[in-house]
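Heads up, the thing below is written out as structure tokens.
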Amino acid sequence: MSTTYTSTHTSTDAPLGKDELAQLVAADITRGSFVNLGIGQPTLVSNYLSPDQDVTLHTENGMLGMGPQATGEQVDEDLINAGKIPVTELPGASYFHHADSFAMMRGGHLDVCVLGAFQVSQSGDLANWHTGAPGAIPAVGGAMDLAIGAKETWVMMGLFTKQGESKLVEALTYPVTGLGCVSRVYTESAVFLIRPEGVTVRSTHGITFEELAGRLPVELTRA
Amino acid sequence: MAPRFAASAADAVSGIRDGATVLIGGFGNAGQPMELIDALMDCGATDLTVVNNNAGQADAGLALLIKERRVKKIICSFPRQSDSWHFDEAYRAGEIELELVPQGNLAERLRAAGAGIGGFFTPTGYGTLLAEGKETRVIDGKGYVLESPIHADFALVKALRADRTGNLVYRKTARNFGPIMAAAAKHAIVQVSEVVETGGIDPEAVVTPGIYVDTVVEIGGTNR
Amino acid sequence: MSTTYTSTHTSTDAPLGKDELAQLVAADITRGSFVNLGIGQPTLVSNYLSPDQDVTLHTENGMLGMGPQATGEQVDEDLINAGKIPVTELPGASYFHHADSFAMMRGGHLDVCVLGAFQVSQSGDLANWHTGAPGAIPAVGGAMDLAIGAKETWVMMGLFTKQGESKLVEALTYPVTGLGCVSRVYTESAVFLIRPEGVTVRSTHGITFEELAGRLPVELTRA
Amino acid sequence: MAPRFAASAADAVSGIRDGATVLIGGFGNAGQPMELIDALMDCGATDLTVVNNNAGQADAGLALLIKERRVKKIICSFPRQSDSWHFDEAYRAGEIELELVPQGNLAERLRAAGAGIGGFFTPTGYGTLLAEGKETRVIDGKGYVLESPIHADFALVKALRADRTGNLVYRKTARNFGPIMAAAAKHAIVQVSEVVETGGIDPEAVVTPGIYVDTVVEIGGTNR
């Protein structure tokens, strides 16, 4: 299943907050999709999926039909998401073991996966598992499986580092998670579509297209 | 996406075009999607590649597709049976291509397609005629053959029960190829004895999650 | 799990009938084993397994805990064995799909598999799927998976062809099913153990060891 | 063979010797066989190779085994966590070997071991540091890495319920690595909340057939 988007460029005066960004991602998910929201920031997206979108959430630790975070009496240590947070079960859920769960991802059955990132390259290469810093203990989890498994991989991230450098880059300087896998990047300042022909800016937020083009080391076209 | 609930078997298979690769479930009569196969016969699609454990029996179902020369190639483990006369005739006439695969490799190749595996080393068939021309490798002193996934356009599967999200359960040995074929095909078409509301199947007992199911048709019938 | 046998040679005056042979195989199966009996003649073995042997039968079309052949009202077209014969379900049974079923075999989880054969070589190579005759339509089914999957593969066959030639051979002339996989051969005239050091005759039936040694193209030692 | 029903967790793990490879189920606390891990701690076996999704958390279970330097090597996907201080210390001291594996490859390598597959081509990890030194291949335009099965001596698994033949069912996301670890190990040791008579589990709903289960210990406990 593909997703739809407006083909004309839009803009807002202010950068997007994390919840606004999550709302934007949620609105872009096609009705009836099967979606994995990774861990951390992308899980916010689930707060903005409407029931009539009929989206089914997958968690790679073995479940389809995951419901909202569990509270109070609902908390059950046998029912957690990939971030090890207690969740709930919706009608129509199913459970399966880890090999079946990752087969479901690797086999291309999920429509969309939304992930965080350290960097994304203009050709859709993703870095989100390892800083490569000396002395850092590496941990990968399901990051590499998620990156290359779904029909579409979308990234949610801040566009700039604390030092003001672009995290959308010509070529990755962090270790690779997956090659050529990212098709969209959602940031507080802009939404990017990564296509074979190059990077398109779908919308800008608190920054003009021209300012953005001046700050990023990547050739951009306006949607 | 929640599956489409087709009005009839004919409606369910209406998207199958000439030249398609079609996986057909069942082992013997157990799990054979007879109504879907009959509908495929009626819909006229030809030049098909079919994957099934056998190559048709007697004068029904897959055997009739073969009799009418609608199957250009069959991938199966056990074509020759006492009542496989339509296959035998087409084969001897050189009018059907046969890819013979050991049954476990057939199952694993389908599983690999659904699981995104690019190829796997299997010990089955090593040193035999069926490994001729294939890459082999000795790993820890044991011989293996490299086998590739079998991807397909459609799967025709029989299950016992579906819920409204497409979750499936099967019945006894009729489960056989159903779950792996549903996952290996771009579009899985499933006939069931009954459709129940969402929540009507225990999440712990779901065999095929709805993510693998694209079209469901309720046939009713004789299941106990 | 290994199986036990008497280490001294035994003999009977007459060749064994099919049921006697099945009885002999059944008696050799260790208590608690998981066993696959293929199709055809070896399925007779199930008639001679005693309940206190606690043997669990596997059928490769997706079941453990297969019971006896179904009769009358028991017949259910959704419950068949690998030979497509209606069977029954015992308490403690389980069902699984074809990939899981063959994974169970290929992964070496079954203790014993009993198969028919056209030929067995002195090094345990098995031929049982294809005569190789011109014009024959080949069919393999689960034969190659069964041959190499179980911890032990036993063969039940007539020792001689209709022309009187030995089916226990120095090297196969029929197409191979599996290499070095057979550890025992049960025939009407003798029971053979195939070991790295050679072929041992465990028992003779209606033939003396010396007569047997004279008729077979394989070097034999007496147990 | 029907499984042995052990009198205690200590009895259940008593066969684990120095140098063994031990698979430990669980993802977070869900499906962690805590009583079996504690018993492994008490039994004294050392020089272990452990396979788990993580590398121990806080001051319990696997973390304590690592603290005591009983684990010479760990194969896992996610060692570094906020509370993985015992692993972090051992690792920085060079006193534990780490084989880092993407989670899906870890699961598939365990599945391959149980399924008799000699190796498989997976797209996960292609072009990354974790594929360095491994055989790669481009198949139909897509890059794959050859990965090998992970065989083991023992598996420690937590399930919800066993019957007397060793058939198992799990509970919700506590299923995770249990079924594939039970199949990948020579000897699967399973702790369950309850044991029921043979026939007490629906044959259609069995997740791990008894053929994979060698030792069962009933722990009772808090499962709902």
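We call the chains A, B, C and D, going by the order they appear; numbering starts again at 1 in every chain.
Keep this in mind: a contact is a pair of C-beta atoms (placed from the backbone, for glycine too) under 8 Å apart; a residue touches a chain by one contact, two chains touch by 3 or more.
Quantities reported herein were computed from a predicted structural model and do not represent experimental measurements.
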| item | value |
| --- | --- |
| Pair of chains joined by more contacts [C-beta pairs], A-D or C-D | A-D |
| Centroid comparison with subunit C (C-alpha atoms), farthest chain | A |
| Distance between the centres, which are taken as Cα means, of subunit D and subunit C, whole angstrom | 35 |
| Distance from subunit C to subunit A - Cα centre to Cα centre, in angstrom | 55 |
| Euclidean distance of C-alpha centroids - subunit A vs subunit D, Å | 29 |
| Subunit B and subunit D, separation of their C-alpha mean positions in angstrom | 33 |
| Where subunit B touches two or more other chains, by residue | 108, 111, 115-117, 122-123, 170-172, 203-204, 207 |
| Residue list for subunit C, restricted to those that touch at least two other chains | 89, 95-96, 103, 105-106, 149 |
| Touch-based graph of the chains, sorted into line, ring, star, complete or other | other |
| Chain-chain contacts as defined at top | A-B, A-D, B-C, B-D, C-D |
| Partner subunit C, residues of subunit B touching it in the complex | 27-31, 53, 77-81, 87-88, 91-92, 100-108, 110-111, 122-130, 143, 170-180, 207, 223-224 |
| Residue ranges of subunit B touching subunit A (in the complex, touch as defined) | 1-2, 111, 113-117, 163-165, 167, 183, 198-199, 203-204, 206, 209-212 |
| Of all residues in subunit C, those that touch subunit D in their complex | 1, 31-34, 54, 56, 58, 64-65, 89, 91-96, 103-110, 149 |
| Complex contact set, residues of subunit B against subunit D | 108, 112, 115-123, 137, 139-140, 142, 144, 148, 169-172, 202-205, 207 |
| Residue ranges of subunit C in contact with subunit B within the complex | 59-63, 76-80, 84, 89, 95-99, 101-103, 105-106, 130, 135, 137-145, 148-149, 175-179 |
